[in-house]
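Think of it as A, B, C and D in the order they're written, each chain with its own count starting at 1.
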Amino acid sequence: MSFSLAVLIPLFLVLFFNLPFYRISGKIAVFIASLFCIVQAFSFFLPVNATCPAVQNLVSYFMLDFQCDGISRLMLLTSAIVAFASILVLYAMEDSDRKQFNFVNLILLSLAGMNGLFFVRDIFSVYVFIEVIAATSYILIAINKDKNALEASFKYLVMSSVATVMMLSSIAILFLVAGGTDFVTVSNMYQQYGGNSLVTAAVVLFIVGLFIKGGVMPFHGWLPDSYLAAPAPVSVYLAGMVTKTTGIYTLIRLFYSVFGFNTAIQSILLIFASISIVLGAFAAINQNNFKRMLAYSSISQVGYIVLGFGAGTTFGVAAAIFHLFNHSVFKSLLFVNSAALEKQVNVSDMSEMGGLASKMPVTSTTSVIAFLSTAGIPPLSGFWSKLMIILALWTADLKVYAVIAILASILTMTYFLIMQKKVFFGRLKEGFENVKEAPLAITFVSILLCAITVVVGLLFPFVLNGLINSAVSF
Amino acid sequence: MDSIYIHIILLALIIISSIFAVSYARVIRGAIILGIVSMLVSISLFLLSCPLAGIFELSVCSGLITVIFISVISLTLPPDEKQRKVNSVSMMKKMVLLVLLVLVCGFSLYMLDSKNITFVPLMQNVQESIDTRDNIWNLRHVDLIGQALILLTGLFAVVVLFKKDKNKDKK
Amino acid sequence: MNILLNVFIIIPLLAGVLLYFLPSKYNIVKIIMFLAAVSVNSFFSVFFYGREILFNSHLLFRLDLYFRYYGLNSFMMIVLGAAALLAAVYAVASMKKEKNTFMFYAFMLLALSFANGVLLTDNFIVLLLFWEALMIPMFGMIAAGKDKPVWTALKTLIISSVADLCLMFGVMLICAVGGSFMISQTNVDISQPGAVFAFIMMFIGAAAKAGAMPFHSWIPDASVKAPLPFMVFMVTAVEKVLSIYLLIRIVKDLFVIEIGSDISIYAMIFGVITLLVANMFAVYQKDFKKMLSYASIGQAGYMIVAVASLSVFGMVAALFHMTAHIVYKTCLFFVAGNIEKAEGSTEISGVKSNLRQTMPYTFMSFVLAGAAFAGVPFFFAFFSKEMIYASALSVNWAFYVCLSIGSLLSAVAILNWGIKLFYSKPKEKIIQEKEVPVFMFIPTIISALACLMFGIFNKVPHTLVSNVIGQVENEHSVIITVILISVSVLVLILAFINNVYTCKKRNDGLGFIAAALDKIKIDKLNENIKFDPYEIFIKAVTKFSNAMFNIDKGLNYFYDVTVPGSVNFVSESVKKAHTGNISVYLLWVILGIIFIFIIF
Amino acid sequence: MSVENILLFKLYIIATPVLFLVGIYAIMTTRNIIATIIGIEIMTKGVTLLLASCGYFNGRPEMAQSFIIIMIVVEVVILTISAGLIFNIVKKHDSLDTRNIRNLKG
């Protein structure tokens, strides 16, 4: 799936949807968009450069076919899965046709931005595509225009514009010193002038900007509010993909292919990662709002990814990528379940819910599997990626951080067990007698995502050399 | 060509006017001063031999953005007297801000010199000057697509945010 | 022929087990079987006398017990067999009516078989096996007492297990130093590194079995509560035989120690302390049986002193004294049993009728045994005591003085009890007491006569013992023997005067001896529990367990309260930190940047 | 590079953080939502200046120009979105005060 296909097709789709004289209905738009996601997902399994010649010359003008390496292909797959999940949840949750239509267009635009980000080879274009994704997610959060959503979106906007300013200034300094902005020139320059304090200041600013976008602990102010206030399908999409791509993927892409690793930057990554793991887990324990608790848990899991990546070795990068993939899958699964709860019980405060396992069997089982894999219980995929992260840290003899990672998974287990007890097990609250299982679309998505976690967990050896070796050969 | 003083003056002007833009109680005055700041920036752009960027800055930033600001302010009802008094930041505090900023400038200047940052030898071999226009079109295809995407999102933003909900939903 | 050696262990074991499990309607059969087993055992011990056999039998559950039958343990087994026979006859007669008599018989047989096992074996581990196994019948026999005195049994068990622990430790060390597990092959020189410690440990273990000082406190309790045959068979016969046998083996072939070395001095001091303290307590006892038990502890002290003198002469003296002690102690216990049967209790105040007239034969046997016990010449123990005095004198005169004081005290005690029991004026009117039943009476008379016979013809036991241990010509010059004899006679006369003198002044017949002892306030020391090592041990254990319980409570508190509390506190504070307004979040961003620059 | 060029360069390098600080200060202390937007605008002004100076000093002004043009386009869109958000916030709370966008706590 070349660059042009991945980005241009959604762009043309959006244009097609909004043709002036013929306005397509929401349902069909949703169907086409989900079709595109499936195509993109399966494109992962196609060989890299199988593009049919017909399309080739049509878009040859824009043919900027970069040889996309493994990491981007893996990210394509994850973004397709999460987008598909959010579109289906949208189909189940939203009923007004106009809103559905707007929603699908914005999702497609954001998907186009994301695919662009995965293929781009130039730090300025990285900025541009990050802005595209950010802009779309501002609107997506505020699509329902209720009080909380507006507030959350505004906070996200202010915080990420601060981040953008930082990133831009660092790009400017890098451009000043390197003379050009594509990865190759910048990496040559970095080899040569790495030591210069101005250049390191620029790199640090870039890292801080990405931390703000990615929601690493001290810079995460906006994340819990926006996950909480966003409408259900948006929170699935946001938690699943946006923070990870804009924040963590760009960090990995830059440090993997542009700047190498030196101990100073590595120590920053490790320190902030462990802070966010521990404090994120602690914050999640006493939450009584289901989505906010999930937000804090995703902050701590992002910390795990950065920790894995901070180990510095290629094995560490592979572990980080694998955990990123796993986390997107089971976090969006958890948010899909929260969406189901919201639709059926429309109460998001955990203390009011209780004993829903009897009424909503599928949702409760899938959420059990999801949080087991988050906590890292053996047969499931989360365990393997956490194991790889800890191994990477151990081999890079950063033993202290490995120990922190292991202990924190106990905290993860605590807050998920608390959630499970409050929401699903225990006595059925009086108001929920006639609660039915979530609609088919949502249950189908949760089953699909749960199947992915279990399959990836069980077939780990194949997954290891198939999926991850292609991304990062270690 | 032109001596260094013009730059220094312009920079000083920009910084001072931006401080004023921030600290005015009545936002309308702030918006106007912001327009002035963007004009000053476009002048300095001209000086730094980026004419096209200057034009863009002048027309879009000082023009369009100020217009948007004014429209937003007029759309929302102006804060009444009592509220203005409440959030009017006294001039004195602004002065404190100014002094603070000057201090920060001095400190950072000093820091830059003292740490004798080994200045990166600026690229001497000046490439043959490609004209910006074909530069954008030939070299920056990718960014153009990015721009297209962002413009579409802007379009949808306006559609979603500014359109009145016909059917006032129950919330 | 060698297979027959297993008889000593298998027959009593089988009989005991059968006896216990046979239903109660075959009582008579059971009694006959009991007596038969004991008599077979003593017959074989005589039958085998004089043979030298080395034999490894796999009979008992494929366990290879290395038997070594030679002079020393043959003599020991004969003595043991005889004592067992007497005790069995007496037991059958006296315990007919009590509830768990057959349990008692079974345990008695078990004890006999295990004791034989200890004597026969040549392997340290098997020795320890039987030595420890003895505790089961001991516990059983005490518990079979009238009102099931389980606490006394438990006390016995704890004390003897502590003693056996020392023995085990000693055995472990000696095997390590000596290099082999066979008793006959180990011959460790005391100068080797671990040897001294091993010697001390084994010496304590063996001496404790006989009731040496710190481990003695269970014997007086048991004497009151346990059935009488237990005291006769177990305490006087088995315990003394086994401990003296082991002591002699330690001193003779396990360790090579020169005569005058300081270790033997310490051992002898150890023996003397036991001797003096036990005899002092004996003087003050209110119960006849308690007095007898303290006296037997005192006699154990004598034997320990004799063995500790390390000379062959001393060993012969110890063995000779042991046999004498068994005979007259059995007879005294039988007398106590008869009185208890007749009077109901052997308390000093409980004696109602004038026993001289009512129980003439018991009185006569008491006189014979008492004389032997006190060391009157021409009685059994006199000759052995003289030998012990000689061996003690050969080492150091101070020991001889202590020994004589000890015998003075014991003489006083026995005379005092003699007067109280048989010559005191009855308070109530005379109740016609008929003599005890015949079967109980026969063993007392036999043992009393034995005291007399062996006393007169003391050459017979002397030759028996010396050819077992090793010929020793009496190198002590005539003068010394004359002095020894005169001193002991003097001691007896002194005791007699004391008793006669006090008859008028104090009615308890202790006279100036009592006055001397009062100054040291011995009786208060003995009566209160505080002094008893067992009580101290138990108190320490309870204190320790309380401390542990508190620590555990503290830990629980930590897990249940502090950990969840702190976790909640942290999460609450983190939650509160999110105030929701942008400026706070931006503040964090700036702080983060500053932190990074600090790190850099 | 002439001496005064380096001095000028240093000036521009410092101008951006100063403007950044002014912007941050504005966002943090203001009571009025629209002032936050103005703060953001000032920060972007600072960055444009930095971009232009980098282009000027490393001899590739035309590349800098393209960066600035694209950046302005992006900024405009972000600004319209923020204006729309503010418009709706004010409609909901009908007051420009920043205190009423603080109620998502915990």
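Going forward, a contact is a pair of C-beta atoms (placed from the backbone, for glycine too) under 8 Å apart; a residue touches a chain by one contact, two chains touch by 3 or more.
In this text, all values refer to a predicted model and were calculated from it rather than measured experimentally.
Colleague: From the centre of chain C, which chain's CA centre is farthest?
Modeller: B
Colleague: Per the centroid of Cα atoms for each chain, what is the distance between chain B and chain C, given in Å?
Modeller: Whole-Å distance between the two chain centres: 105.
Colleague: Can you work out the whole-Å distance between the CA centroids of chain C and chain D?
Modeller: Computed value for the inter-centroid distance: 100 Å.
Colleague: When the C-alpha atoms of chain B and chain D are each averaged to a single point, how far apart are the two points in Å?
Modeller: 5
Colleague: What whole-number Å value describes the gap between the mean CA coordinates of chain A and chain D?
Modeller: 27
Colleague: Residues of chain D touching 2+ other chains?
Modeller: 13, 23-24, 27, 29, 36, 55, 57-60, 63-64, 70, 74, 77, 81, 84-86, 88, 101, 103-104, 106
Colleague: Counting only residues that touch at least 2 other chains, which ones in chain B make the list?
Modeller: 119, 122-123, 140, 143, 146-147, 150, 153-154, 157, 160-161 - these are the residues of chain B that touch more than one other chain.
Colleague: Where in chain A do residues touch at least two different other chains?
Modeller: 124, 128, 131, 135, 138-139, 142, 145, 155, 158, 162, 176-177, 179, 198, 224-225, 287 - these are the residues of chain A that touch more than one other chain.
Colleague: Let me know each pair of chains that touch one another.
Modeller: Chains touch in the following pairs: A-B, A-C, A-D, B-D, C-D.
Colleague: Using the touch definition from the top, list the residues of chain D that touch chain B in their complex.
Modeller: 1, 4, 6-15, 17-19, 21-23, 25-26, 29-32, 34-35, 37-39, 41-42, 45, 48-49, 52-53, 55-66, 68-70, 72-77, 79-81, 83-88, 90, 94-97
Colleague: Along chain A, where are the residues that touch chain D in the complex?
Modeller: Contact set of chain A toward chain D: 124, 128, 131, 134-135, 138-139, 142, 145, 147-148, 150-155, 157-158, 161-162, 165, 168-169, 171-173, 175-177, 179-181, 198, 224-225, 228-229, 287, 289, 292.
Colleague: Show me the residue ranges of chain C that touch chain A in the complex, using the header's touch definition.
Modeller: Spelled out, the residues of chain C in touch with chain A are 567-568, 570-572, 574-575, 578, 580, 582, 584-586, 588-589, 591-593, 595-597, 599-600.
Colleague: Going by the contact rule at the top, pick out the chain A residues touching chain B in the complex.
Modeller: Those in contact with chain B are residues 7-8, 11, 14, 62, 64, 102, 105-106, 109, 112-113, 116, 120, 122, 124-125, 128-129, 131-132, 135-136, 138-139, 142-146, 176-177, 179, 193, 196-199.
Colleague: Which of the residues in chain D come into contact with chain A in the complex?
Modeller: 13, 16, 20, 23-24, 27, 33, 36, 40, 43-44, 46-47, 50-51, 54-55, 57-60, 63-64, 67, 70-71, 74, 77-78, 81-82, 84-86, 88-89, 92-93, 101, 103-104, 106
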